[in-house]
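For reference, chains read A, B, C, D and E in written order, and residue numbers begin at 1 within each chain.
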Amino acid sequence: MEDVLSKRQRPKIDDYADEGYLFGILHFPAYDKNVQRLNAGELDFFLGPDYLVTISNVELLPVTRLFSRVEEDEHFRNQLFEKGSGRLLYEVLDDLFDYCFPILDKIAYKLDSIEDDIDERRSEEIVSDISKAKQEIISYRKIIKPQRPALRLLERRIGRFLPEELELYFDDLIDASERIWDLLDNYKEVVEALEDTNESLISHRQNDVLRVLTVFGAIFLPLTFLTGVFGMNVLYPGEGTHTAFWVIVGLMIGTIVGMIAFFRYKRWL
Amino acid sequence: MEDVLSKRQRPKIDDYADEGYLFGILHFPAYDKNVQRLNAGELDFFLGPDYLVTISNVELLPVTRLFSRVEEDEHFRNQLFEKGSGRLLYEVLDDLFDYCFPILDKIAYKLDSIEDDIDERRSEEIVSDISKAKQEIISYRKIIKPQRPALRLLERRIGRFLPEELELYFDDLIDASERIWDLLDNYKEVVEALEDTNESLISHRQNDVLRVLTVFGAIFLPLTFLTGVFGMNVLYPGEGTHTAFWVIVGLMIGTIVGMIAFFRYKRWL
Amino acid sequence: MEDVLSKRQRPKIDDYADEGYLFGILHFPAYDKNVQRLNAGELDFFLGPDYLVTISNVELLPVTRLFSRVEEDEHFRNQLFEKGSGRLLYEVLDDLFDYCFPILDKIAYKLDSIEDDIDERRSEEIVSDISKAKQEIISYRKIIKPQRPALRLLERRIGRFLPEELELYFDDLIDASERIWDLLDNYKEVVEALEDTNESLISHRQNDVLRVLTVFGAIFLPLTFLTGVFGMNVLYPGEGTHTAFWVIVGLMIGTIVGMIAFFRYKRWL
Amino acid sequence: MEDVLSKRQRPKIDDYADEGYLFGILHFPAYDKNVQRLNAGELDFFLGPDYLVTISNVELLPVTRLFSRVEEDEHFRNQLFEKGSGRLLYEVLDDLFDYCFPILDKIAYKLDSIEDDIDERRSEEIVSDISKAKQEIISYRKIIKPQRPALRLLERRIGRFLPEELELYFDDLIDASERIWDLLDNYKEVVEALEDTNESLISHRQNDVLRVLTVFGAIFLPLTFLTGVFGMNVLYPGEGTHTAFWVIVGLMIGTIVGMIAFFRYKRWL
Amino acid sequence: MEDVLSKRQRPKIDDYADEGYLFGILHFPAYDKNVQRLNAGELDFFLGPDYLVTISNVELLPVTRLFSRVEEDEHFRNQLFEKGSGRLLYEVLDDLFDYCFPILDKIAYKLDSIEDDIDERRSEEIVSDISKAKQEIISYRKIIKPQRPALRLLERRIGRFLPEELELYFDDLIDASERIWDLLDNYKEVVEALEDTNESLISHRQNDVLRVLTVFGAIFLPLTFLTGVFGMNVLYPGEGTHTAFWVIVGLMIGTIVGMIAFFRYKRWL
């Protein structure tokens, strides 16, 4: 009882074989709309030979839906209950795991759209999108990671409460949790690759910007200096003549052409 | 005895089965206010059939508090002591582990506030906050990591000093230490993700700054050059006329419009 | 049957020993030309003592080719079928694994050409090529990773359906999948090294660009300032004389030489 | 014998049970002052029932010191020798491991001083300090890593040469080597975190520098252009009047105020 | 036979116990001078009770040398052959492993010279050297990694073909391959640390360059503006007087001193 009340719990399965029941804690992702973050919804359950009690700290939609369907639909209730408490637990967990995939799909969709947009959109949005996707993947991993050994333990202990032909069912749950974990691993690799690509693109664009600045600076700073020289109020050779103007213009065009050739050679243009 | 006196010790459990006692060293995080750093507080204990001696190199608050409560409150003392020395050790360790979580919560709070502020605040503070949080997480991990195998060993060896129905208790301690480890792992991932995001944001902002500089440079360097040309003290066509002024102004406006169009096309504006 | 219909499946082998058949799901890479991406093609199979049924969600070319050859060539069919259903499955899987290597070769070729071009080409293309190669490797890994334990299981379970001398054959399949995994690991290391190199090169080139800009700025900004000083419409010493011009020119050449010496010393030139 | 002479050896323990002796190779860090680098000092030993021969490729100070003390101090010698050859080996290794910690402390001290200075000192020194600390940690890890399985093996094989009550002693050596490894792991994490922080700080400072440049450029480039326009030797409206001057000055002050407001809004000032 | 002919093979040992021979595939690094790259040279061997056949896809120098020595030197041949086929295989493999170390030494030498030069040389060469060393280490790891389990297997299976006293010999081969792997791991850490250091140095140098540019810009842009103001062809207070000149010069010196003080305070000078 203490475990149910205490707030900090890891997913675990405790087998009270003497008292004839199984106590388990499992965590499932639940999107909290208020803080726009993925939180762990805790599901505690007591599984006895002919009863199943579940307690959760937040409302887990699939559980609520299953139970309300059980209340309303007598036929469904009989069908479900006659197969024993183990089968009922399976139905609850199966619905909860099914509910995990749409969240994963949403993450996958976000990653896809980041990949498509990475060349085109302003980098600030991309940085923020990548950061959010990454934090979501990390939160999800935090919830699923300690789940996996607990599920394995559950499969081993559940036998007592299940007709024999149903033992394979819990295998499916482990399969689902392993699949979620594989996908999260893959998403983590993808989002990190996208982040690296984005970082490279930002660096590359910075080079582009700097090249333009440097080309303008390297061409016009010397030229402006030249005009400055001939704008001084001192007596230089050719001052106040037409010839000087055309000579200077020639000089300037020479400088420009030389610079452009230099930058072409450096492949900056 | 040598182990108690020597300064460098890893967490460990030595079973002196012949002498009938258990010697253990465990480490707990203790925040040292002087150097503002997380240090390892060492707890050495001798657990005999009817005695428990604990020695610690720094004051561990939860231990002090428990012992002073034992001294003051006779009822509590009796209640605690009648269950044997193993139970007493459990109480000590349980209090110490409970004391670990507030420090973790403080780290989590810091990470949350970094995440909220990362877009808005000056990057220097963020860099320093991230660095401090990271060092704290690393220090914490250093303390907890070697603890885990020692605790597992303790659980196996403690049986002799415990009434049977209490054996599950030490499971809770392992659970707590695993939970701390999971959280630290998660925090490490989070802080690294925040660091990467911050790095990307700094790069992105640098691009912003450079774009502004480049746009100003690319527009005004050529224009200033133009004014320089017509400021030279030589005789150029149209020198000293009104027409020339308006022609030049037209030329300049053309340059500006062209440049802005070019930068719009490059999406720098 | 449910497993065949449901969309989300991990590679797995289920042994329905009572019913006398083996059900398996394996994934193979299939290049989807529409989205230019590597997807997982799913191959489900039922292997009975004398039948093999395969179902796949996308067309797997090697399977189609094998089956059409079986249809057309009677001799080949007899030869294949007389060795039993296990051997037939081997042929299917062997063809599928053979088909994996050309895709790997294509990735290797891409990595080679990136390595050759990394010094010479524009960095934007390189960034995009590296990013695409990386995503392809990640997609491939996602497909092959969960395959490996399933193949191991298949090898252990396949014995019933195989003449004894053929047991080594399935070893070859595991060998092939391990080899693919090793290559993917190696490619991942290579592409990450290329990415780091490219990042360093971009940074290095940025330094080059900035050095040019700084050299031009540091030489011509002071000089232009000097010409500005002597262009002011105030009476400075030497105003309107020839001597002043040559003094100023001397001053400027001195500045230029000094600056170039300074930048040589700093090794920026 | 061949193993002693050959130069390339990994730490290992070979049990020549038939000949009744144990041959071992262990590596210990030895600071080579000439190249200012941490090298592996090799200690080869032959441990027989009543003899211990040690050979080392470089002078290992703790071994030299122990042996010279044995030579000088008869009482110490007797005390040491009467406990058997296994005990003597323990003393040698214990001294060698004790000698490992001061080097670790020096690294820890360096990391602490880098952390304190990271905000204040010039980044070039920090980069070089971090790089040196990292290389030292890597060298140390290279020496200790293959040591650990060899020590475990030694503990298992040493039993024959030790009185029973001393078996726990070799546990202490393993403890010491594990502690060194844990510390190196921790130091590696710390130095990598410091490197990342330093990298972020350099990027941040670059932003600072660029902001200053951009603010100056964006304010004075347009203003200089304006003065250029009115410095041209053409007839513009208001040329040669006092009013024009004050109008222009007003225009300039307006530009400056507008720019500063813009940069305040962008939080660059 | 198929395995020898097929091109894609992982290192492996197949024990054809019934036919009384052992078939193995091992890979060794072979430097291909044409493409300047490390490739895997494949050595296939058939080991029977009294024969050893080796086949390799490229010329492996040590094997060629051993065999030509065997051909020429009758004494050596007899000595080698009388110890059985297992011993002969050992000699071949031992020579091949000995041949691995010079390549490793060359890599180590390159890393050392990169470390020495990293502060001084132009960063472009360093980037390219680091990249090459890294690719070489990655290629080497690719060759050695799958080798290790194959060697372990070989040691277990070789017993049949070896006199008992020689069994320790194959231990040496495993030792050598483990040592190579350890060194490659260490080199990988070293080269990655060098890359990070180089990256930090490039960033640091960029800061240096930018600081110089900014200092020049921030000092001379305002000054040039000032000269521009007093170069305008309008009537400003003090126009055409000596006093104005000296007032302006004073103003400029004040600006310069103020700027330098500001940059000193910011530690940019």
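Note that a residue touches a chain if its C-beta (ideal position, glycine included) is under 8 Å from a C-beta of that chain, and two chains touch if they have at least 3 such contacts.
Source: prediction; values computed, not measured.
Considering the contact criterion stated above, no chain is in touch with chain C and with chain E alike. Fewest steps needed to get from chain C to chain D, stepping only to touching chains, is 2. Shared numbers divided by all numbers used gives the overlap of an interface; between chain A and chain B this overlap falls below half, so the copies present different residues.
The distance from the centre of chain B to the centre of chain E, each centre being the mean of the chain's C-alpha atoms, comes to 33 Å. If each chain is reduced to the centroid of its CA atoms, chain B and chain D end up 21 Å from each other.
Looking at chain E, residues 199, 203, 206, 210, 213, 217, 221, 224, 228, 231-233 sit in touch with two or more other chains.
The touch graph of the protein chains shown is a ring with every node of degree two. Each chain touches the next in a closed loop, which from chain A via chain C reads A, C, E, D, B.
Residues of chain B touching chain A in their complex: 101, 115, 118-119, 168, 175-176, 178-179, 182, 186, 189-190, 193, 196-197, 199-201, 203-204, 206-207, 210-211, 213-214, 217-218, 221-222, 224-225, 228-229, 231-236, 267-268. Considering their complex, residues 8-10, 12, 14, 122-124, 127-128, 130-131, 134-135, 138, 141-142, 145-146, 195, 198-199, 202-203, 205-206, 209-210, 212-213, 216-217, 220-221, 223-224, 226-228, 230-233, 238-242, 244-245, 248, 252 of chain D touch chain E.
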